[in-house]
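Both complexes below contain chain A, partnered by chain B and then by chain C.
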Partner chain A sequence: MRVELRLFATLRDSLPPENRGVERLELTEDSTVDDVINQLQLPRDQIAVIMINGKKVALDTVLKDNDRLGIFPPVGGG
Partner chain B sequence: MKIYRVNLTKGEVKTEDVPEKYAALGGRGLTSQIIADEVNPTCNPIGPNNKLVVAPGLLSGTMAPSSGRLSVGTKSPLTGGIKESNSGGTVSQKLAKLGIKAIILEGQAPDDKFYFLKVTKDGVDLEPADDLVGKGNYDVMAELQDEYGDDSCVMSIGQAGEYRLQSASIAVTDPEGRPTRHCGRGGTGAVMGSKGVKAVVIDDTDAPGVTLADKDRFKTAARDFSKILLGHPVCGEGLPAYGTAVLVNILNEAGGLPTKNFSRGRFEGVEKISGETMAETIEARGGKTTHACHPGCVMRCSQIYHDKDGEYLTGGFEYETIWGFGANAEIDDLDAIATMDRLCDDIGIDTIEMCGTIGVAMEAGIIEFGDAEGAIGLLKEVKEGTPLGRIIGSGAGFTGKTFGVTRVPVVKNQTIPAYDPRAVKGVGVTYATSTMGADHTAGYAVTANILDVGGTVNPLGKEGQVDLSRDLQIATAAVDSTGLCLFVAFAVLDEEEALPKVVEMLNAQYGLELTVEDVPKLGMSILKAEREFNIKAGFSSADDRLPEFFETEECPPHNTKFDITPEELDEVYNFSMKSITSSR
Partner chain C sequence: MDFLLRQQPMFTTEEMEQIANLTVLIAGVGGLGTHQALQLQRIGVEKIYLVDPDKIEATNLNRQILYGRDDLGRIKAIRAKEVLDGFGLGTEVVAIPDRIDEEFEIPVDVDLVCDALDNFASRYILEERARVSGLPLIHGGVHSWYGQITTIIPGMTSSLRDLLGGKEEGKEIIPAFSPVVSILASLQVIETIKVALNRDDILANRLLMVDLIDYSLTEIEI
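Right, the complex of A and B next:
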């Protein structure tokens, strides 16, 4: 299945700069958010918010085909 | 400490001792109490019976980190209710060092003349401002600092304040002496203009400084609090690196970035206006991604933005401004948005109100969505004071009525900022119920709704939103009294030991014996005073509602409506002991 991964702020350093934080991933069925983090070796201590299709989810959430997965480090403002 | 009372009708300044009942108040707590005590709630906000109160926060002028926030209080010409507008910049610290608890402007200068106030260790003088009339904030600040020295700081109004327009702001100097910080919301600049005051210049040479009852105890608490802020991932890392614009992407991802005048929650051009893109652009052009709006701020979320030629364009370029002139107007050009920010700072108009207004003007067909040049042109009309410019400068509500638009995002006539209340429902509760009119800072439920700070509350659901908003509104009223930047709340909400350090600093400075439980009590008393003023001014619970379209139109991508009922919204002001224990 295919998933669109979107990384933000400092997490973008895990992808080539020209990607602008976006990577289309080919994953095996039943892959979880945690699997993606392992596969890309994302820095776990920098992960604060995870969203699938704009809704917050936990690490063990199973991904589905065409999901949009967003991962954020701690961010704030106002 | 002392209070200066400046009567513009008589042209006289009186120095008053601080009454006992105001001794432990500062910032918003003080401005709101003085307005409640002295201003008739039904007065004309731009008439002689309104007052403008300027007050530094309780901890301003000390070594407490990030404590340089200033409060300005008045009856708002925009909302018709009480207003506290809060700004960074260098004024608050200097006023506090001069031993000034508050400056109260009252009356109205005769014959439409303008004056400026000169504030020094020797007192406050009124000087004619004929040479400054008609000028924008950049020129006004530069000229006053030329005369009174680079170390002086300034509060001033631009052309919009002179015209007494409802969205007029009061500019406050940043450390470079530029007008990038503002008491933006609610038209405080129109009140200052109506008094006949163009500027206030503050020179703290040989100021006595702030008295600390227990210096060592204060130092220890301030150092500990600093460490807590620097150790928090948002306060110590996220804000310094990206500023507030880092929110563009997370709100877009969450489907809560109001786009095309609040018709949907995601913007196709988001990458071009994101905080990440802004940081790269600033770095490539030699600006500053990390900048403190006042000395001693450890979060340093401000920035200096250069144009394509590497020349200074603007600073204090905030998420809300980028949202509003960007996504909400479907403009994906960061330089154009920065130009609009610069214009607003110079003319002295609230960027958030202008963001809502430009969106409404586009909806009305005055200009097309996406038309950056057209939007810049409308702001220039405000500066020139053309009839259309004066309509725009009167805000989104007025512009919507003038052009027969129904999708007008205002509460109590003040523009709803940067977070769609259908996709971030906790902040929707705050928009509806705040004494200030729609104001994200009044109870920033984006924390638990989106950022996972201070707990987690599903932004799309109803559950927990009223309690979340109430607790935050109470805590915020208290924080706004301390002079601490509201952004310390990210750490205070997450770290148990943070709030006791704030209380410790207050106790060590003023020789008090406050406890952590006194903080929400203070917040509640401020909200009660503000709400009573608004009720006397003619507000009822019917004003604590969002515009109808949020209940009838779905917001893509989540296709949600605002479904928190009027009865549930009215529960916000049902303060209880629960609020005392749960709000921090």
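Right, the complex of A and C next:
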């Protein structure tokens, strides 16, 4: 199945600059958000909010074909 | 108030009165806080509490727009009050040069709390103090080109701590750029007024992520 991943704010740097924070992933059925984080080796301490199709979800959420996955770090300066 | 003539058509008479009676506590008088204070005064709120024990440093001056070089070493809350009072726009400004800790008591006349802190450990304390007082908290945070904002209302939304899984920012120095800080602070002030006026489409149970690299606003339903 195909999933569009968008990494926000400082997490963008986990992908090549030309991706502009977006990666289209080919995943096996029943893959979870956690699997994506492992696969891309995203920095877990920088992951605060996970969203699928505009809604906040948990790490163990199973992805579906054509899901739009967004991952956000805490943005904490003032 | 004569100086509010141009914003008057946007609000009902009753709403203008609500704004004129509004008391806001700004927690932190740094980048977000100085911008918020200026905006809230221009909107004509009744009273602003400024809470910050810190002193002004040279590295603050790229974004903390109530201070200049001559103010280095002075207490932010007190200097900010002086500058705001100098505009003579009628808003009462109260400086509280204290840290927001577990013992901090939010004054009883506060209607709403604006988060202008620069770290999550303090924010989690602030949201607990706001919860104890039953007050809405307008959360905002910035990092380089990015920002986030949401409204926490006790009993109606999840807490900031739950929303972010208790996460905190990294240990490195957070890059801060005045125009980005200004936009986020302005969004917080808009949200403050909408929440105070019980307007629709507030950011309760919604987190808004602002990306000024690609000019996107992304909303997450919580």
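Just so it is clear, the second predicted complex is superposed on the first by the 75 of 78 C-alpha atoms of A that agree within 3 Å, B and C clash if a C-alpha of one lies under 4 Å from a C-alpha of the other, contacts with A are read in each partner's own complex, and residues count from 1 in each chain.
In this text, a contact is a pair of C-beta atoms (placed from the backbone, for glycine too) under 8 Å apart; a residue touches a chain by one contact, two chains touch by 3 or more.
The structure presented is a predicted model; accordingly, all values stated were derived computationally and were not measured.
Of the two partner chains, chain B and chain C are each touched by A:R20. Residue contacts after overlaying the shared chain place A:G54 against chain B and chain C alike. Shared-chain residue A:P74: touches chain B and chain C both. Using the contact criterion defined above for the overlaid structures, shared-chain residue A:T10 touches chain B and also reaches chain C. Under the contact criterion defined above, the residues of chain A that touch both chain B in one complex and chain C in the other are 8-10, 12, 20-21, 48-49, 51, 54-56, 70, 72-78.
Chain B meets chain A in the complex at residues 233-235, 237-239, 241-247, 249-250, 253-255, 266, 271, 275-276, 301, 318-319, 440-441, 444, 446-447, 450-453, 456, 458, 460, 486-487, 490, 557-558.
Those residues of chain A that touch chain C in the complex are listed here as 8-10, 12, 20-21, 45-49, 51, 54-56, 70, 72-78. The residues of chain C lying in touch with chain A in their complex are 28, 30-33, 115-120, 123, 140-148, 163-165, 167-170, 174-176, 181, 207, 209, 211, 213-214, 218-222. Residues 6, 8-10, 12, 20-21, 48-49, 51, 53-56, 70, 72-78 of chain A touch chain B in their complex.
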